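For reference, the structures are reproduced in the following blocks.
Two complexes follow with chain A in common, the first pairing it with chain B and the second with chain C.
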Partner chain A sequence: MENLEYERLAWALLYGHIAIIVIGGFITVLSQNLVRALVGLIMTLFGVAGLFFLMAAPFIALMQILIYVGAVSVLIFFAIMLTSAWPGGDESGTISVRKIIFAGLAAIAPAIFLGMAAILKPPPSFLIPDEIEVGILGRFFLEDFILPFELISLLLTVAMAGAVVLAFEMRRKK
Partner chain B sequence: MIEAIPTQFIIIFVGLLAVMAFVGLNAIVLVYLERKVAGFIHRRPGPYEVGPPCFPHGILQPFADGLKLVGKQLFTPRGADSILFWLAPMISIAPAIVCFIVIPFGPHLQIVNTNVGLVLILAFTGINVLALCLAGWASQNKYGLIGAARDISQGVAYEIPLLLVVLSVVFMTGTFNLFDIADGQGAWPWQWYIFYQPLAFIIFFICALAETNRNPFDLPEAESELTAGFHTEYSGMGFACFFLAEYAYMVVASCIIAILFLGGFQGPVLPGGWWFLAKVYVLLLIMIWIRWTFPRVRFDQLLNICWKWLIPLAVLNLLITLAVIAI
Partner chain C sequence: MSVMTIYHLVAIFLLCIGIFGIAYRRTLIGIVLSIELILNGAGLSIMASAQLTPTPNELGQVGTLLVMGIAAAEATLLLAIFLVVSRRFKNVEAGKLITMRG
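Up next is the complex of A and B:
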């Protein structure tokens, strides 16, 4: 009886998070105001962080909040403020039905492919998730997966250098 | 039915209520302290006569301030984005309350003892930047917008040395658990981490001032140039939420400094909780003292301090820490 209660609670939590993610996604896509869209995106990111919490990965959940909500969203906000994206901008006109259908298909396609892959070839997993210590996580990155990890760092460095070069070229043109 | 609720939920629920009371009480005490200390530094008495004579030294002043704020009309300016405008103060205050649940106030006084406590606080204090720029943007006011833009460049810049300094302490202790970090230090001052990491302490303190928008780094609200910056258009409880959040973040920052560098709840003779409160309040008093002593820095100076001094010094501090650990 008690287990059943907990299971119901778990399902309610899971669907609550999924609802937050989906509603946030719709706000992001449908709102005409860029800042409201950003708030929708942040809502989605919070929902995903909550899912990480449910999977007993609090460190990753908090990193999601620290990096995506605290840093990336804020930088996106800064970029929006530098443009003149006020309500009634380019996005506020009517959209044709064809575009809506194509956009819907493009959005559903990756969901279907990933969902099929996850259902047909499920990765080995536990029914009750284990919490993994941060130290083990670090070892995992720096021993087993050192090459992809370093490649990602290289990618970020190249991106940053590219941004700096672009900024200098813009300044020279002025 | 009541047995069906897990104990952990009840602990968190009661803890959150206690934290809200603590945040409110702290705000009352800090408002009074701030005005009295300001008066002392300016050589004037500060708030002095509120209510009947049985309450000397204007001790009712913060309550009068609070009542005034509660009673004021909530006003949405024309052209403002009303949803985001009222969402912003809530986003500002809510994460501040979450931060308190992982702070060990005493050896037995902590709501949730988690292995990622420090990361939790860093993650949730970062949301405040977002709230402030939403507020500045949504109020459709040029001062608000300038305040928001300043807040972003300030918050993003000062987060880097802050994280680097925290990392050097974390490398020393090998844990993100705030209780373990406090527990690993001794009762006497020479056993605290400020003794091993003095540079880290100074950098962290400066960054904490900047992250909580305290003078001399209160550029986002700079009342003498931007009216009130990001909260220019807010009245009544909207303003009060930002105000409460600012004081709550000050208390969180002082708690973190006390835990990372000053031994947390460790101290001779007295029980731990009192030591912790004393350390936090000494740090808060220093923050108030700095506010009424130093003039505000210019914006280019603010960014130069961070990018040219604090970040290189924090990296150096991290490298030295790593070298010492490796040896």
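Up next is the complex of A and C:
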């Protein structure tokens, strides 16, 4: 009896988070104000973090909140503010029907193919995933996956250095 | 329909709405928001495929973390690029940036 209750709770959580993701996605894409669109993106990111929690991966869910909601959103907010996207570059104004139709077609094509693949040929899967300890994940990173780990560190360093170089060059030109 | 299929359909939804946004949005920042949606969908799909099948769980979690790292690096670089573009062209609309030299 108790298990059944928990299962119902899990389903409710699953569909609730999916609803948050869908609403946030539509706000992100369709909102005319870029700051509102960013808030929609944050909503979607929280929804995906909730799905990670439901898949028994709490570490990755917390990383999602830390990295995406904490860092990437703030970066995009800075980009919105510093480029002063309001007066001419805002998303306001009418958009031609042709563009909407083409954008819809571009979105529907992968939906049909990938959706059919996911629905018609699903591989065997569990209902309840196992949780692994963070320590095991850390050992996996530093023993088996040491090269990708170091490469992603290098990539982040190069991206930071490149951003600083670009910004400094801008100031010298001025 | 298994649970994994539901997760995969959510990931496909994120991919499709991201592609729609890339084609629909006018400013570069709106396009970046859509790219973040797509990358999140990729992470969700990788995680579901590893957690809910016999594949080792570490693989999926590591892959999702790598996707997040790449997204962070990309957002950093794009912020700097947008700053330079907005200084040189005075706007960030994708349709108006038609010359390579500033």
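By our rule, the second predicted complex is superposed on the first by the 139 of 174 C-alpha atoms of A that agree within 3 Å, B and C clash if a C-alpha of one lies under 4 Å from a C-alpha of the other, contacts with A are read in each partner's own complex, and residues count from 1 in each chain.
Just so it is clear, a residue touches a chain if its C-beta (ideal position, glycine included) is under 8 Å from a C-beta of that chain, and two chains touch if they have at least 3 such contacts.
Every value quoted in this text rests on a predicted model; they were computed, and no experiment measured them.
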item	value
Chain A as common anchor, with chain B and chain C clashing or fitting	fit
Partner chain in contact with A:71 - chain B first, chain C second, else both or neither	both
Touched partner set for A:95, first chain B, second chain C, both or neither	second
Contacts of A:36 with chain B and chain C, given as first, second, both or neither	first
Comparison of chain B and chain C by chain A residues contacted	C
First (chain B), second (chain C), both or neither touched by A:103	second
Touched partner set for A:14, first chain B, second chain C, both or neither	second
Which superposed partner A:167 touches (first chain B, second chain C, both, neither)	second
First, second, both or neither for A:143, with chain B first and chain C second	neither
Touched partner set for A:81, first chain B, second chain C, both or neither	first
First (chain B), second (chain C), both or neither touched by A:62	first
Lowest inter-chain C-alpha distance for chain C and chain B in the superposed arrangement, angstrom	14
Where chain A meets both chain C and chain B, residue numbers	59, 63, 71, 75, 78
Parts of chain A lying in touch with chain B, wherever the complex brings them together	2, 5-6, 33, 35-36, 39, 42, 58-59, 62-63, 65-66, 69-71, 73-75, 77-78, 81, 87, 133-135
Touching residues (chain side chain A, partner chain C) in the complex	14, 18, 21-22, 25-26, 28-30, 34, 37-38, 41, 44-45, 48, 51-52, 55-57, 59-60, 63-64, 67-68, 71-72, 75-76, 78-80, 82-85, 88-91, 95, 99-100, 102-104, 106-108, 110-111, 114-115, 118-119, 122-127, 129-130, 132, 136-137, 140-141, 144-145, 148, 152, 155-156, 158-160, 162-164, 166-167, 169-170, 174
Of chain B, residues touching chain A in the complex	3-4, 6, 81, 83-84, 87, 114-116, 119-120, 122-124, 126-127, 129-130, 133-134, 137-138, 145, 148-149, 152-153, 155-156, 159, 174, 176
Residue ranges of chain C touching chain A (in the complex, touch as defined)	1-10, 12-21, 23-27, 29-30, 32-34, 36-37, 40, 43-44, 47-48, 51-53, 57-58, 60-62, 64-66, 68-87, 91-93
